[in-house]
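Look for subunit A in each of the two complexes below; its partner is subunit B in the first and subunit C in the second.
This part shows the complex of A and B:
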């Protein structure tokens, strides 16, 4: 699914060539195919075909071209803003429903912009809300159905003086500059990464001079710089940024050379800390070396090293992690320039805080589980003592978001098939397809929805189990349940490089199956 | 492949999008600006026509340099 060359349709009333195709190749690879589709002709058979073929549809309509006399009609008061806004809304509802009927593709829809207007030189910058009102209404209509992109923000990044190309505009209706089109294609690519769930998962943080100014073991807690003003403000702002990452699904860990009791005291008692203990999935605070600690974090959380990002203020620590753990992405703390490097995270905007808190709770209660394990000699007795409960049912639509995220995040306990929400919805409607969700709780916490299996006729098409749920033999129980209800003769399997173990489990449970391998 | 310099490029697959690519690439390669009146597929649909336009544009550019 994500390995095929992308086919991107661009529906517009303006031209983006020659830059769009070249930039698309740079970001999506040389095999990408771009279909430029003129807005006025998108219902033509040839263009309808291209739309159904496309994996992504970019909708970018230029307001100046659509309504060149809008502002003067408004100034002459022959048309009022409300009428035009309604006209525009009606237009877009129609365009959206046309597209929704034709295709299941990922739609990236650019908002309108009013930076092209030259009137501020005479009127000043008095706020004119017209375009913003239209954008707000559009965003309400399209919310959750498409990615609605803030075009004004992209122009602001590039700069108004750099975003336009008057020569291109008057030659062949291509008003935007190469720089602007590159920024837009970069954004389309970012939305692609987010949709596919291609992101780093875990942020490992140093403490001294990253979460606060100063060195705790040398300066003492009273001399730490952390607060809403002065030297401590930058660190508090960084903590706020990290907390926002947490609320969008990033797992946080602490890796610091300190006494654990000192660090925990700061987390518990320092009034200016934004990050709290409950936000952290794993603390590795000791005087050992950082690469070892980061490896330990990866093992404890069951997260691959290539999904981890490490932030430290010391170039020496960064270098040592780079050398010993080359798969880990490192970021050297720099108050002003480091934020750009966090683009290795590609996070969805609509996350469920309840799911996030459940996941974190599982990680934190793992210590209690480890303690319990030491009390039992036999693994089976330990599992029994855990009092694992599994709830199995056919997946409900409200679970599709969580299920898609699960298939995209899991690298180990998976048959390698990954779905976007749209793909799950489409398949769940098919008569021959049954989708089961597995929710687990044990004595220490409720893990929530952690497993999914999809059966199509006699084929096991999807198997995904969150790493958090490992160590309870749930994968066996999942497969036994499905074997009891369905006659399975084929299994779809795609290697992720890390899922050989589950392949063995699948082969064990279904020894006479055909393995359909996708390369 | 082109046999002669007066073969019609639009018959060989040059559409409006390809046309834009060609014009921009030539302007960058030769550091010239083609006059807007000539930016029509009909004015530039053979290699011969395009070569003539490039030559004129280069000569014009040199004349302007001399005058300055």
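This part shows the complex of A and C:
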């Protein structure tokens, strides 16, 4: 399994060449193969073959080509909006079901746009909601099935005057400019990273002049700039942005040179704070150096440094982290220009908030677990005192999303195999494959679904346990359970660069197994 | 075979698409099984190479399917571009 798609099929009723292939090579590597598939012929045998071959399918239908008389039919009142919407919906449902039968590949689907219409030059910019209504309906139909892309937003990015190529349109039905196609391919690449879960995981934030304006220890609480108007507004807006990242799965940590009591007071008592204590998984607030503190955060949260992003307003702090911890991505706080840099996060838009809150609670209660650990002499006593409960069952389809996320996010306690939701669905239908999900709770919190094991015949094909469940010997209990139920003789194993330790654990339970290494 | 600069450049450009020409009069589009998208790419490539715009009435596979036909169109365009230039200067 490679990290980049080998083959991309582009199903469309317009032409994107020669630009699409060149851009695709730039974003996806030189080896990528692009299959342009004409929309009216996608059911032909040759194209069906290309569709099944592809790792990713881009569906981009041009509204003007599909319904050239649409607007005049509407103006002459021979058709009303409802009729057209139903017609389009029917068409799209059919296309989707055709594709779903042919392939399990990730589908990126572009919405319609209406900026090609020349009428605003005479009618002015009166709002015409037709295309938006169609898009809203399509988005409902395709929700959870495909990645539905806002094409109008992409056009807005490049500008309407730069988006079109009238010469190309009338010469060979290629209506969009090179610039526009580049922006679209960039978005396809972004959707690919999101689907594959290739993202940074943790955001480490400085406080002074990042979360609020001013220096807490020098200016005092009363002089901090933070609020919905005036100089404090930018800081509050940044906190809102960070909170949105939290709701999409980013783990937040604080790394600040301050007294912890002062910072906690702001978090507890400042009425204008958008971020609250419960959103932060780990506080490292002290007068020590930042690289050491970031390392401590990584250890506490059990996260690799290469999954971390650090934001600070001081170029000196940024440079020190860059020098000492080159794996960490750094962003220098700059109110007006920094947001573009957050594109190192590639987050799914449909994350479950309950899961996120549960995860954050686990990280926070880990500190209580540490306290309990010091009360017991032996590790075994401590594990018993934790009252760990594991619920094991064959995975239900509702859990596939979480399982896919787990395989993609885990780097340490994993056999290195990663699945998309589509791949899990496909494998779940196979007769010889059994997929177990493991949910864990203990005295302090309910960790939720944190582990997964898949067995195919006598091979252990998937093993993944979230790093937040480590240190409770759950991995051993998981493997013991499987050893009791299945005769395992082979284990699929792929290095993530960080999962060597787990190999020893696997060997301990299955000493006579062959390791199949996929590199 | 009569070769000149224009034909040499066309042959070089076709090589980029793994198309090797033995006969300037042969229908290389059919012979090499070239699809419409590759045809478009070839035309765009030639337009960039010669800094010309091939008139739309020629943008049909049957009017551009041999090297001779392509060379003729390109030479015509080069001459008219040149005379326009002379008129301006």
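The rule is simple: the second predicted complex is superposed on the first by the 515 of 519 C-alpha atoms of A that agree within 3 Å, B and C clash if a C-alpha of one lies under 4 Å from a C-alpha of the other, contacts with A are read in each partner's own complex, and residues count from 1 in each chain.
Throughout what follows, a residue touches a chain if its C-beta (ideal position, glycine included) is under 8 Å from a C-beta of that chain, and two chains touch if they have at least 3 such contacts.
Note that this is a predicted model, so its numbers are computed, not measured.
Clash or fit: subunit B against subunit C, after overlaying the two structures on subunit A?
Aligned on subunit A, subunit B and subunit C clash with each other.
With the two structures laid over each other on chain A, which partner does A:515 touch: subunit B (first), subunit C (second), both, or neither?
neither
Taking the superposition as given, does A:339 touch the first partner, subunit B, the second, subunit C, both, or neither?
Once the two structures are laid over each other on A, A:339 reaches no partner at all.
Examine A:115 and indicate which partner it touches, taking first as subunit B and second as subunit C; both and neither are also allowed.
A:115 contacts neither subunit B nor subunit C.
Of the partners subunit B and subunit C, which touch A:49 in the superposed model: first, second, both, neither?
A:49 sits against neither subunit B nor subunit C.
Once chain A of both complexes is superposed, is A:241 in touch with subunit B (first), subunit C (second), both, or neither?
neither
Starting from the residues of subunit A touching subunit B, keep only those that also touch subunit C in the other complex, and list them.
15, 17-18, 36, 170-172, 174
What part of subunit A is in contact with subunit C in the complex they form?
My answer: residues 15, 17-18, 36, 170-172, 174.
For subunit B, which residues are in contact with subunit A within the complex?
16-17, 20-21, 24-25, 36, 39
Within their complex, state which residues of subunit A touch subunit B.
Residue positions touching the partner: 15, 17-18, 36, 170-172, 174.
Going by the contact rule set out above, which residues of subunit C touch subunit A in the complex?
Going through subunit C, the ones touching subunit A are 36-37, 40-41, 44-45, 56, 59.
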